[in-house]
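Please find the structures below.
You will see chain A twice below: alongside chain B first, and alongside chain C after that.
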Partner chain A sequence: MTAENNSQGRNQTLPSFFRRIPGNIYAIALLLFVFRFTSPEFLNLSNLLNIVQQGSILTIVSIGSFLAIVSHGIDLSLGAIVGLAGVVAALAMNAGLGIGPACLLALLAGAIFGAVNGFVIARTYINPFIVTLGMMGIGEGLALVLAKGSTVSAGNPVFKLLGGGNLGLLPVAALISICCYLIFRFVLKRTALGTHIYAIGGNEEAAILSGINAHRIKLVVYSFNGLLAGLAGIVMASRLGAANPSQGIGIEFDGIAAAVVGGASLAGGRGSIWGTLGGAVIIAILRNGLNMAGLPMALQMVILGLIIMAIVTIDSLRN
Partner chain B sequence: MNGSEVLRLERIVKEFPGVKALDNVTFDLQPGEVHVLLGENGAGKSTLMKVLVGVYHPEAGHIFLKGKEVRMENPRQAQERGIAIIYQEFNLVPSLTVAQNIYLGREPRTKIGLVDQRRLKSEARRVLDFFKIDIDVNAPVYTLGVAQQQMVEVAKALSLEADILVMDEPTATLSEHEIGQLFATIQTLKAHGVSIIYISHRLQEIKIIGDRVTVLRDGRTVGTRSVAETELETLIQMMVGREIVKKRMRKSCTALPDEALRVTNLNRGEILRDINLTVRQGEIVGLAGLVGSGRTELARAIYGIDRIDSGEIYVMGEKIRHPSPQQCIRHEMGFLPENRKEDGLALILPLKDNIIQASLRKLFPSGILNLGRERDIANRYVRELAMAAPDVTRMAKFLSGGTQQKVVLAKWLCTQSRMLIFDEPTRGIDVGAKEEIHSLMNNLAGKGVGILMISSELPEILTLSDRIYVMREGAIVQELEAPATTQEEIIGFAAGERATA
Partner chain C sequence: MFLPLVTKYSRVIALLGICAVIAILSPNFLTVNNLTNVLRQAAFTTIIATGMTMTMLIAGIDLSVGSVLALTTCLAADFLRPDLPITYMFLGILIALGVGALFGCLNGLAIVYLRLPDFLVTFGMMQVARGLAFLYMHGTVVNGFRDEFTFWGVGRILGVPVPILVATVVVLLTFLLLKYTNFGREIYGIGAKRSVAIYSGLSVPRTTILVYSFSGFIVSLAGLLYIARLDAAEAVIGEQFVLQAIAAAAIGGISFDGGVGSVLGTVVGALILTVLANGMNLLNISSVWQVAVTGAAIVIAVVLDRWLSSKA
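On to the complex of A and B.
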């Protein structure tokens, strides 16, 4: 019986092959095609690299958004951590620390911040939405206090390579985000931890009865989120050559949109990190393409919102 | 053909791609009768009801309503013609009151178009009073018990002036006492001339509430009988198409002398009082008692889900210091909860992930998975337990109740459990799959696994257990040897009619 199923699985007809391609790929192809006409320079190599660079930061953040969503939570504090970590890194360098230690300090700050999220969520059963909303305010405030309300310069030329440099043609930032993606893809698909994250998202009660330590898993998930957002903060500060305490505000929503556009279910337990990567690329292309087309900012926001809703609707109809 | 019948479905045929779901099914309903529709899962009961209310349109056949042929285009038409269905999952809004739910979407209005609260309440109260249903119309629905919520559904159907009421497994989630309430209401409805189509798995209650019974099997009508003149054994035979031998499955107790589980002096508030019990390896111990006697609470306490005030728990001779699901699993004990869908399974995850969920650390100590091995293991259990599943990536929610229970069982076999607690192992599972689960449990005991089984079905307790504990009001009131006892004796102790020894 098993052998039969396998042979059926392999014997795919052409339409079913097309159906198995994630919808994201179609959406990306369509967007590239459309923007090709709205702005002639859109497909230039320099602009494409620009998209990759901008998209890198969102990709890193959206992995965190996805982890929270798939465990049946949500993380609204990612943008605040992006700001906080950038400020911490810049201040540490200005205080004379080397680039390595400064970055480590920023990552640590992000991870601790995330761990607090995870600890409160796991222990108190307060809804993650509320916990991370509160922590978003705390993080933004903390970043402003540390930066004394203004932008902190981070002009070290070596540091600037992280977010702005290229390795051959490939931006270093893209390399970093691809590494993050591969690592977390491995964690989610090939480790017990990953399966446990899906399990508590799928049915927390059943997971606990199966002996899974849901507290620990949540702590780990939100700590990872903090770490990822910290990394995104460093890359962003490096690209801009300065840490603005408000640099990350709003990116948490792009991250959530990327995960959902990529097929993640807000009810938890469902979705893939591959889809989330696609979602992040789509949003990066949209932002760049609408900008290149010369549309006013306000109109860009409206169109972005409409397109995200359309993609999610189409995706839910396909299933 | 009887002229007075309210409904007649004649030679209904309904096909789905590749399956003939209904094949010449005929069914009729007399005024004021309870006509039971009986059959295993997949026999076609639900499909027939969906044809009746116009969700499905049959390929052939006729529907006669009070002697006149009708076509049911959609559920709304059925509703207008006085047919109401109460599904297993209620369609109530928990935060709204009873009255608001009964008239949801058709609230009485005042002249200026606002909801007429006074009339809303008085109308709702009139419907409830008429059918002698004792519920406060101002109570929010979430404050009601399951049985009362069901009564609200009944009231909602009746307020639509329905004279044909279809009830789909109405007692599946009710306690004994609540079932009593429901049956009283059904009697009142009958007295008012409402005809009821009653879908159920539970053979015992058919005897109590049914007038006639029609058995479906594989989409065909096997026959219609008067309930009073038919033996339960005959009905079972009609359902499964073969004779089920009703005898003790456990020929002799093969239990080893070693204990699998020992609980001493366990207390938890007023809910559990001074519980002492043992389960030997290879022994099946039944835990009987009425709903609310503390059986599930005891299982949850032993398994470390709920905190205990005092008491000790030993698994395989070793004391569990801080009871928690993780500790219990480490000591090779597993738990199959009563509500598979809420507590036992992740419905949106594949079958494979559900099976290996509790064993990942054991199978892959490094924390890194081997996907091929994962699939092989899952496939092995699909084969061993004869699960009806096309492949291991199938989402758990698409499996039948019996197969879902097998998935939960496979999860614990996969952890190599040597002590298992089953809470209502066959609730909501059809007769054939039930037998399979029973024989699986029997085989496990034969291999030396200790089993503690909570069940509300006394035949299940009697056919499967070696020993039986009876609980009442949070305490174990009696221990019985299964071969020597009877249903009557168990009920006597459970209800407190018998003095305990």
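On to the complex of A and C.
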């Protein structure tokens, strides 16, 4: 199954690429069409770029959700790490560190956090749901403690370019996100590590019997997740010009929804990273479109919850 | 011979140990007033956590508890005003409990018949219920309930605060239900091995739907006691209860893979969480630490639990 996916990946041509994720593309087209009527400015270039910029953070986090799900796990701590990393980066800059070192520190914090997740999950075989839920509490709490319960400013104009700047027409955040997708697409399809991640997600016992070091793979997966969430946290703090310790709360569920909408199976071992990107874009468009339509925030929450459940239902019934 | 005993009562030992440390550090801990306060706070978490225990025993989870609590109490709030006849109060209570059970039932139906993962369904429901609560309240706060209602939150019977009594009754009933009825045995059976449960003729759909309905019902009961204590209802309340209820159950030894644990363990878990919060309060540790401590308590508890059971 995994090998088959891989060989398909190697010979992939553009038409087959479109055939493999038609559902997402159609859903995106439909959403664009519908929102065009609910709000006339929706298809304006400035709004589309806005969607791309807002969506970049979710698309980065979604890779983490996807990796955890493919390895037959789940990562609920991503949102907490987004908050924590943003606070770490902002505090480090306020303490006089340069942008580069501050961002590295934030990424390191995220990676260490993820590594702890991976270590506990791999060593104890405790359900990843409860481990990462506990770590979510720890991360949210640490972010609050570091930020002393309030928002930390991060007004450095160069730092703000990461999340708010444009390179030509393309937002820098989107560029970062695309790079992440290309890197992880390469890792998943072209390296042994990628094959092993699919393998332990599909059938962990068989994978271990065939000589795969499941401990190491899980450690690596959750560390990657921490790193990605850390990156998303930096981008988010940069976009807002400030780090709010609770800035990432709930984004892990959007990420999980993106992966599942994109065709990843929660039973592990199945799903594609491009599908996840499509899922994340759908959710980003939904959030923006409902907002642009001028609906009250509460109604947006209700509709978004129902639509995501509907898409996931259709997907699960189709399979 | 010694180790199995430690394993069995590890949570009680941990609770006593934490109490001892706090009592040494703060002279105000072991006062009747403070301990009553701890028990009263633990009562709300305990009641919600009994519902969470049931869902976790069938290897599920209910993330919608905080939002359903907010929605049901907001719906009831208008009926509880002192200028209305007392029949309205009963109507309000019925509405809250009924809507709670209904939302739980919807969770169960979606999980069973749409074959969706439990945490995604209940997370979606969390958004929907919270959104509906906001839509219903329009940012307002309803406060000032009639005395017969607030009694359930602030009153005492024979010197014991009412929420503690209600929590005791709920826990006892749940304990008996799980231990001595067929329904209870079905819950453990489904949690332990779903496929075997199906083949041995247990009705997994029926039990699942009933368990989630119970969770919704019990959450709105806790919510009613909670707003009776606050003497106010608004759309934002209850968010903290999700993590606390899961933490109480997890610390109490309810396995996340289902089928293992007792509701009495959950009570000890809720007490550990509340004592920790109370101790931090007495020792003047900022409340921003509380979420981190709850998270750490979950991780430490499940890891220790796994370690101890591998030794035994």
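In this text, the second predicted complex is superposed on the first by the 294 of 319 C-alpha atoms of A that agree within 3 Å, B and C clash if a C-alpha of one lies under 4 Å from a C-alpha of the other, contacts with A are read in each partner's own complex, and residues count from 1 in each chain.
Note that contacts are C-beta pairs under 8 Å (C-beta built on N, C-alpha and C of every residue); 3 or more make two chains touch, one makes a residue touch a chain.
Note that the coordinates shown come from a computational prediction; the quantities given were computed from them, not determined experimentally.
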{"item": "Clash-or-fit label for the pair chain B, chain C on chain A", "value": "clash"}
{"item": "Dominant toucher of chain A (residue count), chain B or chain C", "value": "C"}
{"item": "Contacts of A:Thr38 with chain B and chain C, given as first, second, both or neither", "value": "neither"}
{"item": "Which of chain B and chain C A:Ala199 touches, first, second, both or neither", "value": "first"}
{"item": "Partner chain(s) touched by A:Arg270 [first = chain B, second = chain C, both, neither]", "value": "first"}
{"item": "First, second, both or neither for A:Arg190, with chain B first and chain C second", "value": "first"}
{"item": "Which of chain B and chain C A:Gly211 touches, first, second, both or neither", "value": "first"}
{"item": "Interface residues of chain A shared between complexes with chain B and chain C", "value": "none"}
{"item": "Complex contacts: residues of chain A adjacent to chain B", "value": "2, 5, 189-196, 198-199, 202-203, 205-213, 265, 267, 269-270"}
{"item": "Residues of chain B touching chain A in the complex", "value": "303, 305, 325-326, 328-330, 335, 337, 342-349, 353-354, 356-358, 360-361, 364, 367-369, 371, 379, 390-391, 411"}
{"item": "Touch list for chain A against partner chain C, complex", "value": "74, 120, 124-127, 129-131, 133-142, 144-145, 148-149, 253, 256-257, 260, 266, 296-302, 304-306, 308-309, 312-313, 316-317"}
{"item": "Chain C residues within the chain A interface of the complex", "value": "61, 110, 114-117, 119-121, 123-128, 130-135, 243, 246-247, 250, 256-257, 286, 288-299, 302-303, 306-307"}
